[in-house]
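Each of the next two complexes has subunit A plus one more chain, namely subunit B in the first and subunit C in the second.
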Partner chain A sequence: MILFEVFLNGLLLGGMYGLIALGLNLQYGVARILNLAYGEFFIGACFIAFFTITGPWQLNPLLSLFVSAPIAFAMNWLIYQYLMIPLIQRAPDQDALDADVVLVTFGLLFVFQGLALVNWSGDLRGYSFLSVPVHLVGAIMALNRLLAFLGACALAVALFLVLRHTRFGSALRAITIDPVAASLVGVDVRKFSALAFAAGGALAAASGMLVSTFISFSSTTGVEYTLKALIVVIMAGVGRVTGTLAAGLLLGVVESLGGYLVDPGLTIAINFALFMLVLLVRPTGLFTRA
Partner chain B sequence: MALGTIVLVLLPLFASNYVLSLFILLYAYVALATAWAFFSGATRYISLATAAFFGVGIYALAIAHVYLSIPLSLLAAAVVGFLVAAVVGLSTLRLRGVYFVVFTFGLTELVHQVINWAEIKNRTVTRYIFTDVSNVSIYQTLLAAALLSIVGSWYVSRTRLGFALRAIGEDETVARHTGVNTTMVKILCFAASASVMAFVGAVLALRYSYIDASIAFNNTWSFQVLIAALLGGAGRAWGPAVGAIPLVLLSEYFSGTFPRHFPIALGLCFVVIVYFLPGGITPLILRAYHSFDASRMLRVLRTGRLPEGSELAGRFRAGVARLNGRWKI
Partner chain C sequence: MDRRTFVKGSAAVVGASTLPHRVYAQAAAPDKIRFGYSITQSGPLGPGAESTSISQYRLWQKRVNDAGGVMLKKFNKRVPIDFVAYDDQGKPDELLKLTERLIQQDRVDMILGPYATHMNLASAPIITKYEYPVIMTTATTTKTYTLGPKWPYAFWNISQPEESTQPLSQALAQLKKEGKISGRVAVVNVALEYGVEMSAAFVEAAKKDGLEVVLNKSYPLGSADLQPLLREVMASNPDAFLAMSYPPDTFMLTEQAQIVGFNPKFMYVAIGGVFPTYKGKFGNKVNGILAYGGIDPGAPGMDEYAKAHLAVLNKPYEAGAVNVYSALQVTQQAIETVGEIDRKKIRDVIASATFQTVWGELKYVNQRNANPWAVGQWQNGEIVGLHPSNKAGAKPLLFPKPAWS
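Coming up: the complex of A and B.
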């Protein structure tokens, strides 16, 4: 019975991982830009939610989405337009571009982290929102975790539907498969890549808001979430939306069960073991067509 | 060159303790950045595992110095670094590009957690280092390490091994087809560079009185070493050393006055390198050096006039004309 509860907790944790990784997969899958400053937008949204509920008006933190998501969207669009496009034009091949992008986004990571440190200090913060127990299928769960899990599912389904059934979505899928061919059939690759990159940033903010209801965060913890999201994206396969959620769930369950059965001090080691295993067995990801 | 080395060797005789510490830090960075560029610069496998090997060196020394003499413990640290990197390399060096970066980035955290876990099982969260090694000997050891790593990196770059490394960086598939044993070359050089990192960590650990896992495995080392190497330029053996100087001065300045602003400066360094200095500082220095003409310079100094037809004279004259136009109304 305890094992079942551990499994359920793993599912909730995995939903959170999938949620965090959704936006990164959109950015890396469509725009082919590995944004290592991704977690900073996540943490930024955590802070905005925190200030919404602890500020002078004490509003519902869910409302902060209307602020943080548009800000993240605009900032990511600007980053793509003004920082990434010069690199894309300069790079002779994808390898050279990757190296440049890794360095620049690491630079952005440090700039954002430094700005957050200067303004909000490095203290751990957190707030209490919807932390009431819910009885579900014989186990007890916190409502805020359940909300994040449902949010993850809803966003994944919405993203899937957009990609599958709209013109915009088919353009994005075409770019994911082959940018050159997409531009040959009349897709404005640069415009749509910028939009996908910006939408990925907005998803990072949305996931940050949802997750901030039950984690504590500080100016320097963004990197951890970038790393987790990256592991999930690489496990799922670049550009696979529903795969992202499934890979997140897998990672969460393995981490939770491993922590319970082996040792709670070794969760990162378990994460990395899984990550290495996937890379060695299926380097293109678990949820890609062979 | 030789004169400069003599001055550096004799420096502890007349420098204050603060200057000595600054130089110790500088040599540590020079050795680390040179070791990093030796592997990552040539093969273009961007490694962020510097802090992991550095920390392994610290722990190796902390454990070994109880049983062995200090020089032997330092040697042991280098050997442990080599072995750990060889094991890591066996599994990770088949990853390419971004995957490799991500894995090495996480490696520090992974080793940190595993050692922390082992230490808690062992009921020793912190370890104490009791030695009577003076600052001057640390200074000399690190100076030797820095110089040897530069000379070693320069020497290897002229051998078949160095050529094979560069071939892997240019195109790994082609390198393999022309008969380079790429796996062997990569693991050997990765491990050699890691053993230097572990050695530097071990030497610096002599200055700490106690250590724990979060002191030893600090990701900042990986980033600062990466920046030093790229700022200097990873294409030449002495390039990373050139980059380490401004970086150490910058970090010294910021940690003294605005510790919270340091990440911003570090981040801007990354951005500046990528957009404005893709090859680092060394190409600029080389260009200045090659265009330097001593006899012409002497003539200019003697006559006090720029030679006719030189680019500088033309620009100078144009500038004067522009100023004249602005002011002569």
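Coming up: the complex of A and C.
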């Protein structure tokens, strides 16, 4: 019975990993920008949720999504248009661009982190929201973790449907496969990449809001989530949206079961062992077509 | 601390050096006392450093300067405090470079301590080499017994692993003797120097006191889900649960214990358990939880300190930071006793005198705080000190911990 519970909680944990990584995969897979400042938008949304529930009005933190997601969308769109486009235009090839992008977004990370430190100090924060047990066939889960899991599934499904069944989605998929060919058939690559990048930022904010209901965070912890997201993205395969959720789930379940059955001290080691195994066996990711 | 004041300060130094040399010969009072520190501002330990140490440094500077500064008897003048600060990112090698820089290049008058056990340990040899007395406020390690005497300029302010865990073990042994518990204890620790040493010290004490350690496991820093670990703890059916934890996992263990309905009669969390944000998150459910450190809310000067904390830092004080503030008070009192910046004499005063602080009376024996608060507990929504029980303001143990609900 406990094993079933550990498995379920592994699923929830994996949903969280997938959730965190969805937006990054959109940014890296479609817009081809490895955004190291990704986690800062995640943390920004955590803070907005925190102030929504602990502030003078004590509102439901879910409402903060209506503020944090649009802000993150707009900021990421601006970053793409005014910071990334000049880099893209002057880079001779994708490798040179990757190097520039990593340096610039690394710098952005520190700019945002510095602003957060000045405004919100470095204190550890956390709040209680839906911190109640949910019983399912004898197993116990936390409602806030379950909510984040359901959010992850809903977002992944929505994203999948958009990519499969809309004109916008077809354009994004075309860009993912080959940006040059996409532009030859009339896709406005710059416009759609900017939108994908901005949507990735909004997803970072959405995941931050959902995850903030059960983790504690501070101005400087954003980079940890960028790293976690990056592992999931590389495991899933760059540009694979539903694969991202699946890879996250796999990581979560293996981590939970491994931690419970072998030793709790090994959870993070198991995570990285799985990551390395995937890199060795399928370097382009689990869910890419061969 | 600010770059601007630092730049101004260096401009003043450059300006002063163009004056005729006899100005120096008269030994005029310095126009400020420059304190330097290198501390972790970014990285996983940044939040802890901010709330425990850096905020106290700022508060102290403000309060002392508002009162005119530190009294230097030799010049019969109050002199304000100035800061030069760097971010060591939690890396010992950075800390060493920056400390060297503070001493050699910035030529600060005094040094304040870094944050976290391993950083305090890294700092001790270098400040001893340059003979800068520093009170280390965030180090809990048995190494202070063996290596401490080699570093005569380093002082150790908080309770060490044995002092911190023996009272817990003794309290549990007493409860067992009274027939209130059967003596089954589960202990988990974060896989860092602090967690490992605390856990080892506790297990040793527990065995000596006739307790049964039914589970002893460690988990990595940054764990995202501790519910499986808690399930193992519950399966071992303990009366007492002790977590030698760091802040993020202290929060997570407390929340997840409520989710799975784990209600030990005796529950201890280490670092983070006394944070105001801990109570902010859990409200009155914190009552009965024991934590590392402790304070006497009724200590002399505490009221003024609490008020100033709220006014300057815009938040209530936290029990885990009071010791840091007390170290700053000791430093100030030692400088004022000496009456000038003579670091050798300041060191000797710290090593021998008795000081009145917000953390109670402080005295260092072999450079270690002779009687630090070691165990605290939330009682009626406030953190109070339990051990050492002979300290002024010590309260009796609240047992059993009220169930969550």
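The definition used in the following text is that the second predicted complex is superposed on the first by the 290 of 290 C-alpha atoms of A that agree within 3 Å, B and C clash if a C-alpha of one lies under 4 Å from a C-alpha of the other, contacts with A are read in each partner's own complex, and residues count from 1 in each chain.
Keep this in mind: a residue touches a chain if its C-beta (ideal position, glycine included) is under 8 Å from a C-beta of that chain, and two chains touch if they have at least 3 such contacts.
Since the structure is predicted, the reported quantities are computational estimates derived from the model, not experimental observations.
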Superposed on subunit A, are subunit B and subunit C clashing or fitting side by side? clash
Using the touch definition from the top, say if A:128 reaches subunit B (first), subunit C (second), both or neither. second
In the overlaid three-chain picture, which partner chain does A:107 touch, first (subunit B) or second (subunit C), both, or neither? first
Subunit B versus subunit C as contact partner of A:6, first or second or both or neither: second
Quick check on the superposed pair: does A:272 touch subunit B, subunit C, both, or neither? Answer first, second, both or neither. first
Give one of first, second, both or neither to describe whether A:86 is in contact with subunit B, with subunit C, with both, or with none. first
Answer with first, second, both or neither: which of subunit B and subunit C does A:34 touch in the superposed model? first
Would you sort A:70 into first (subunit B), second (subunit C), both or neither based on which partner it touches? neither
Return first, second, both or neither, reflecting whether A:234 touches subunit B, subunit C, both chains, or no partner chain. first
One more residue to check, A:98. First (subunit B), second (subunit C), both or neither? first
Determine, for the stretches 23-31, 59-67 or 95-103 of subunit C, which one clashes with subunit B when the structures are superposed. 95-103
Going by the contact definition given at the top, which residues of subunit A touch subunit B in one complex and subunit C in the other? 113, 117, 122, 263, 265, 267-269
Complex contact set, residues of subunit C against subunit A: 41-44, 46-51, 54-55, 188, 191, 217-220, 222-229, 231-232, 235, 247-248, 251-252, 255-256, 258-261, 272, 275, 277, 280-283, 315
Along subunit A, where are the residues that touch subunit C in the complex? 2, 5-6, 9-10, 12-13, 16-17, 54, 113, 117, 121-128, 131-133, 140-142, 214-216, 218-221, 224, 252, 255-256, 259-260, 263-265, 267-269
Could you please specify the touching residues of subunit A with respect to subunit B in the complex? 34, 83, 86-87, 95, 98-100, 102-104, 106-115, 117-118, 122, 223, 227, 230-231, 234, 263, 265-269, 272, 275-276, 279-280, 283
Across the complex, what residues on subunit B touch subunit A? 44, 46, 91-92, 94-95, 97-99, 101-103, 105-106, 109-110, 113-114, 116-117, 120, 219, 223, 230, 260-271, 273-275
